[in-house]
Every structure is written in C-alpha cells, then in structure tokens.
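Per-chain residue numbering starts at 1, and chain names A, B, C, D, E and F are given in the order in which the chains are listed.
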C-alpha cells in the first residue's frame, strides 16, 4: 500500500494540484483538485461532476486570490490574461459541498505562482471571501481516509480541533495536524 | 463566549464586510455579507447558496448605489471598472428572502468607499430602489440571535419598532436600536 | 391613517416612481413601481420577484417609449446610453400578470423625462405595443385598496368603467376616475 | 357591436399591426399582432405569453422577409440596423401553435415597408421558409369569430377551402375569402 | 393525387430545399427541409419544433460542409459571412432523431452552392462528421410514404438495402433506390 | 465479418478519428470519436447525444492539450484560431460517463497534429487534467466487443490490467494490450 500511495502522489507532484478530503456516501475519501492555466480572458471552467455549492467555492477562491494578489505574490495581470480550468477526477462521482474550498484555493495559488504544494499534505475547510477558514463536517471519516491513503499532514479550521481530539489517538499516529484561522496560514503551510 | 465573539468580529473588521440578521428554520442567526472588488467591467458575482429573491436584493442594492453615487461619496467610474463579488459564508445552508437587502447595500458601500462598517453593529431590512428601508419579519428571533452573538447595535425599519417593543426588555439589555426610514440613514450610522 | 399615507407617498415623490394597483390572493393592494437609470447600453434589469408576463409588460413598455420617443418628449439617445432597472418592492411576494403595464410605462416615462408622477394617483391596465390601454380584472378590489391607502385619482381603461359603476358609490367617495384609451392619455394625466 | 368593432380596428390602423385568427380553449378568437422597429442590431424580441412554436413562426417570418427583401420591397439594411419587437396583446392568455405565421409575416412586412395592412382583413395560416402557406386547423371556429368581430375579408391556405365550404353559408354572408398558396400572394392582398 | 404531388414538388424546386423521410407515430411521412442564407456571422438558427438529436444533426451537417468546402465546391468565406436558418414545416408536430441528417446536409449544400436538388428525390440516413452515411430504422414505412407521395428516387445507406429487399416488390414499382456509403455520394446524386 | 470490419475501419483512417470502447445497457460496444477543426475562436461544439460527464471529458481533454501543446507538438495558436467539433455517431443512443476521455484526447491530438491514429487500435480510460489515465469499469464487456469488431490493440489504465487477467485467455487471443499511466503514453502508442 505505501508503494501504491507513492505512485499516487508522484503524479500529484506538479504545480496546480492539491489534495482535499471529502466525505461521501461511502465514507471519507481523498480528492485531487487539478488546476490548469491557458491563454484566455479570465474565464473559469469547472469540470468533474461538481454541484453548485462546490462551483461557488471555486469562484470564491478565485476572487480571493485576485483581490489579494499582492499578499499572495501572484502577478495580477494573469487574472485577465489566462483562463482557469479546475478539474476534480472521477467524473462518475457527483461531488458537492463547501469543504473543498481551501483545497481549491491552494491548487489555484499553486498554479498561479508555479510553486508546488507540499507533498503528502491534505486539507479540508470552507473559505470565505475575506480570507477566513470555516469548520466543516465529517472530520473523523476524512482524517481516517487521509491516514489510509498515506498522507502525513492535514490542514483544517481551528474550530475542528475538537473533532480530531475525539478520534482514538492510535488511529492517527504519525499524522501531523495544522489548525488554522486564515487562508494566508493555509498558503504559508502548503506552498512551502 | 465574549472572547469567541471578539474572535468573530475581529475578522469582520475590514472594508466590504457587514453583519446581517437572518431568520432560518433553526431560528434567528447572524449572517456575514462579504464584498470584494476586482478589476472588471461592472459584473456582479453572487455566491453562498443564495435564492433568487436574495440575489435580486443584491442587484437592487448595487443599482441604488450607482444611481446615488454622489450622495454616497462613491467614485462613479468604479461601477464600470470593477467587478463585484458578494459572498455569504456557510455555503451548505440555502439562504433567501429580501431581509438582507440593507446589509448587502452597506457591505457594498463599504467596499466602494473603503470605509469599514462600525464594529458590533448588525442590521436587517428590505431595500427599495428609491432608497427606502422596508420592515421585515422574524424580528424577535433575529434580535435575540444578535444579542447572543455579542452584537451591540441593530438597525431596522421604523415600522419594526413595534416588534422590538414586544420583546421582554431584560433579554435585550445593552443593545442599542436604530429605527430608520432611508438607506442614507443606514449608511450614516454604519459607515461612521 | 392619513398621516401614514402621507408618509408613504412622500417617499414616492421623485421621478421614476409610479403607483399601481394589484390583485393578489389577499385581495387588492397597491404596488410601487420604481425605475432607475444608470450609465449603460440599453440593458433592462427587472427585480422584485416578477413573473414572466409582468417582465414582458416591462419590455413592451420600454419598446413603446423608444418607438414613440418624439411624441413623449424623451431624448432617444438615452435608450442606448442608459441601463434601466425596474424594481417592485416587497420581494417576498411573487407578482405576475399584465395589469401593471401602464404603471411600468408611466414610471419609465417619468424616469426618462425627469418629470414626477402626479401625487396620490394610481393606475391599472394592460398595455399594447401600438399604444392602447386594455381592460384588466379585479377592479373592485383594486379600487377599494386604492381608497384605503389614501389615493385620490385612478386611471384605467374605458372598458373598465362598467366595473367601477358596480361599486357602491359611498365606498369610493372622493376618488376621481380617469377612463382612457391610449397610453398618451395616461401620460398626459400622470406627468402633469 | 359594429361601433365597438370600429373602435377596435381604428387602433389597428397603423403600420406594423395585423389581425390573425386563433383557436383557443374558449373557441375561435381574433388576435392582434403588433410589430415595432427600434434602432438596434437585428435582435428579435417576442412578448405576449407566446409558446415555442409561435416564437419559431416569428423567427421564420423574419428570415423569409430578410431573404426575400428585394421581392417584398424592403430595404435590406434595416434587418441589421433595427431591432424588431413583436407583441401579441392579452398577456394573461398563453398562446401557441404555427397558425399565426402568415399574420406575423404580414405585420413584419407592414412595419418594414411602412405600408398599412388593409382594414377589416384577418388571416390564418402556417408559413414555410420557402414562402408557402400551409393549412391550419379550427377553420370553422376562427371564421365565425372573425365574422362576430366585424371583419370582412379572410386569407387562408387553398387547402383550407374545403373547411370553409362546410360552414353553413348564412353564417358567413358578407365575408370575402382569399385562398392562397404563397406568402407573396398574402402580401399582395394585405398591403394593398 | 399525381397532380397534388406536382403541386407539392413545384414549390420545392428551389435551392436550399430537400425532401426527407420520417417515421412518426402515424407511420412514414415525407418531410421538407428548408434552408435559407442571410447576411450574418455564421449563426445557425433551427426552427420547426425540432428535438435535440435533430438539432445536433444540423450542426454536424454544417461542420462537415465547412470542413470539406473544397471538395463540395462551396466558397468557404460564406460560413462566416452568412447566417443559416434551417426550418422543417408543420410546426405543430414535434420531430426528432438522427435520420434527417443527410437531408439536412443536402439542403445546406444546395443553399450554399445555389444548385437545386434533383426533383422527386427523397433520402433518409444519419450522417457522421467524417462523411459517412449510417443506416436508420423504419425503412419500410418511409419508402411506402415516399411512393404514396409520388417520389421517384430514394437515397439511403448501403446497410439499409436488406430492409428494402424485405418490401413486396409490387409496392415499390417504379421507385429507384440509391445505396450509398458517403455523403459525397449523396451530393453527387442529389445536386445533379 | 473481417471484411465488414475492414469496411468500418477504412472510413476511420483519417486524422481526427479514434475508436473507443463503451459499456452500454446492451453490453460492450465500440464508439467512434470524430473530431473536426474549422476556422473559429476556440469554441468547443459537442454532438452525439452526450451527457454532461462525457462533455466534461471533452473539455478536460482540450485543456490538457492546450496546456501541454509543446510536449504534444501542437501549434498553440490553433487553440484560439480554430473551432473544435467533436461528434460521436449514433445520435439515437444517449452516451455518458468519463471512460471516453482518453479516446477524445487522442482524437483531438490527431486532428490538431494531422497525424492519423494507428489502425485497429481501441482505447478506454478516464483522463485527468494533470495527464493521468484512470481505471474504468466494464473492462470484460468492452474487450470482448473490441475483439468481435476485429480490433487488434487496446490501451487502458495499468490499474485495469487485473480485469483483463480475469478474462478467459482464449477469448482475447491475438489482441495486444497496452497498460499505461499517462496520456503521453497513450499518444505515443496511438499517433505512431
């Protein structure tokens, strides 16, 4: 299994890709968010069988980065000269909810800066337009899925810390948790 | 709890953010309206799982500010040179109704003028295109939610004063009420 | 109550606002039509929880005024240099039907000419593209609502005169009726 | 009643208006098709609670006139320099079906040429893009409605002649019928 | 009946019109495809109560002709300088399915080249983007409808030949069949 | 049957066409993906009765090729100067799912480079925006359909190898399998 994990994450080792944690009807799962920039006029293309709330997360993430381009070190011209495509693989599975917000924002920041996301890092959390990270549900299932998949660090909202403390500690041995309040903290950890 | 409230409102302490009061199936709740301006051509982007009536409130608020830019001290060129994104956090919760109208208008005015909204202030009320504030329902539940969340001042329509008078006075001790007729009064109080 | 009415109509005392009469599931009611012009390219924005037939009335009213700009004294350049926003307050209430047609046309003409609508005047009637006023239903309920709200003059189609004659005369004492055939007659009365 | 009819048709006595015959759930009825041209870029605006088939008839009529502008004497520049609005009054009544096709084409041709449609003339028939007139249903009900409304001439497809012959002759005394094969014949009769 | 047929086909005797065979709930029927070009920017307008699969056939036919303009002798500038309107008469009848594909392509090629389609010729078959003709269903009903309507030649896919051989030969006496593999063969026969 | 197969594949022997494997309600089937480029502005037109997931696959494939134009040897100007039409024949059959992803990407690459796809080659697999090939379902049915249709080589994800090993070897004698991890490997095999 570790070898299989390596296989997975090697392919994620490029700018524009980040690993999120989802809570589906079959339990917790990991989710790759893939972002690609092409020449364009600021269009946002979203694929991967995404529901409206998840699409709105992507739109919010993109606006946040555009409004805070100086702080995040992104050349602001890119927002009007590139088109952005965000894809979430496994098109047969419908996906929705706000909890991929910080993962989408991280994948976008990675694509716009050309900096890779730290390997073996996952994250889950809703974003707000003013740069906050909000708590989300299903933490136990998501954390166990991350552990099973060989991930080593997880970022989430500080208000979700209590949910992690309820998990038996043996199950999550060796996983490092980052509890954050703001998107800027997420980017500081993720784009090392 | 006060410390938790401080936490919340510290993050709201920036131009473009205003606090509204909503009446949901779980009772009264507070609602952050977040607004962000980017380079653009006057587009209005709305996210946060909003229903059509709430989206129309945002559109009405934006037109009001554009038509009354002189009175509100906004550079009128901004309306055609910026795109406006309004987001209401907690994307998993569907939101609708006209009662966020004056909060949206205030958040927009704050973003366009760069002036912060007064801290610990909440508001609820429908807006009209000619600048009136109309009464809304659920006042008791909204006011109690505001009190619980540590808010200290509330703006609403003068026709809602009778609803506040029906609340037992001990419950709302220390909360200051502003009863208004026009949007201009709202802005005079909110953008101090 | 008169004082309350004064309150209402004082706020209506500006170009772009006209008072209509609606027939809803709770009986007759008065309806404010608010119009606002901004810099634009002839777009028509409609808000207030309006159904398709009511939206079509607005579109028809706008085309009539554009095609008859000379007759109505409107600078024809405005139709391509302004965007028009029509809002009908009380967003929580769905509204539909063709009977707000002449009120929409009047509010638009008032906004485009800068001339205020005569105070304490209400109206109800369908419009046609060639400038006719057509009869509508619910006259008794609408007229009584207008009377209750302190309105003093009402414009309607000449084919609705028979409906007014069926109302007991004591109920409508002091209300003046204008029976018209054409939109031009409506404007001659309303934009005094 | 004749006087009432005169009233109706006097208002129709302007370029861009033609009278059609419809077959509704309450039997046959007459239908005014109103057309108005404004400065624009060839847009086609359709109002009056029209179904998709009826909207397609309008689009087909407009393309026919554009493709045959020489034959019909229309300045072909108008098609790209004007916007066309077609309205069918009585917005509360949903309308659909292809039988208003030749009436729409006639109203459009009248608006584009500035020539009035012959008074007291009605028509019913589907149009094709190559200029044919096709038969339609409900002839008896439509013809009787035309007679009741004081109309004096009716145009329809030659394949509908058999339907007229089945009507008792006393009912349609004084009505003149025109049986046609092509749109050009319709225009020759209507734009006298 | 022959005289009636002559009547029908005389009106089809113009560039842009082709006769197809359809299989409806009332059995086989003939279907006119009418195409008209106007000044424009390459828009494709489709009317006649068409379903999505039939609309996609029209789009596929247009792309094929554009990609193969040299082979088919069409001036390639026309695709960006003209708007194309395809109409299928009898708007009251919903139509769908891929079997009108080759008829649409033929009508388009006829309109773009100005060459008339051979008289008394019908056809049925699905098209592909690479220029193949695919077999379709309902051959017996379609062929008998063509015979009844006085048509004399029918084009279809070579894989439908077996379906024709199952029809009693007396029923189709005097009808000539063309079995084809490619669109180019269809055009060679149809645009004689 | 071999002769019939030859017939089929001869017509596929042109740039822009690739053969995929689908799993429908009647079992496994082969699927032609046809791509055609015309002068345009980067539009993507999709026909063939495709569901949303399949349309998203096409969009993802196009973005991948645009973002990796150097690696795949495509002139990057083409993406903004051409319009792309992807058609999947047999319009009467609804098609959906992500498994045509690599076939669509191959057909697109073939059209953009002008290089033909290797004959008698089929493929099935989901694509990701970062260039991975993901496993898909229905392998046994798809492989047997490919064998019946006379295909000689099949590309799929290395994680589907176990599904092939479960098929009785006599059934797939003479078929060569390629197990891949990346789109680049697919293109290296397919565009020989």
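The rule is simple: a contact is a pair of C-beta atoms (placed from the backbone, for glycine too) under 8 Å apart; a residue touches a chain by one contact, two chains touch by 3 or more.
Being a predicted model, the structure only gives us computed values, none of them experimental.
Counting only chains that touch, the fewest steps needed to get from chain A to chain F is 1. Interface of chain D with chain E: the two copies contact each other largely through different residue positions, with under half of all numbers used appearing on both sides. A rotation of 120 degrees, rounded to the nearest 5, superposes the Cα atoms of chain C on chain E. Chain F has its Cα centroid 52 Å from the Cα centroid of chain B. If you average the CA atoms of chain C and of chain F, the two centres end up 60 Å from each other. Residue positions of chain A touching 2 or more other chains: none. Chain-to-chain contact here is organised cyclically: the chains close a single ring, every chain touching exactly two others. Listing every chain once round the ring, from chain E with chain F next, yields E, F, A, B, C, D. Considering their complex, residues 52-53, 56-57, 59-60, 63-64, 66-67, 76, 79-80, 97-98, 101, 126, 128-132, 134, 181-182 of chain B touch chain C. Contact residues of chain E toward chain D in the complex are 11-12, 14, 16-17, 32, 34-39, 45, 47-49, 85, 87, 89-92.
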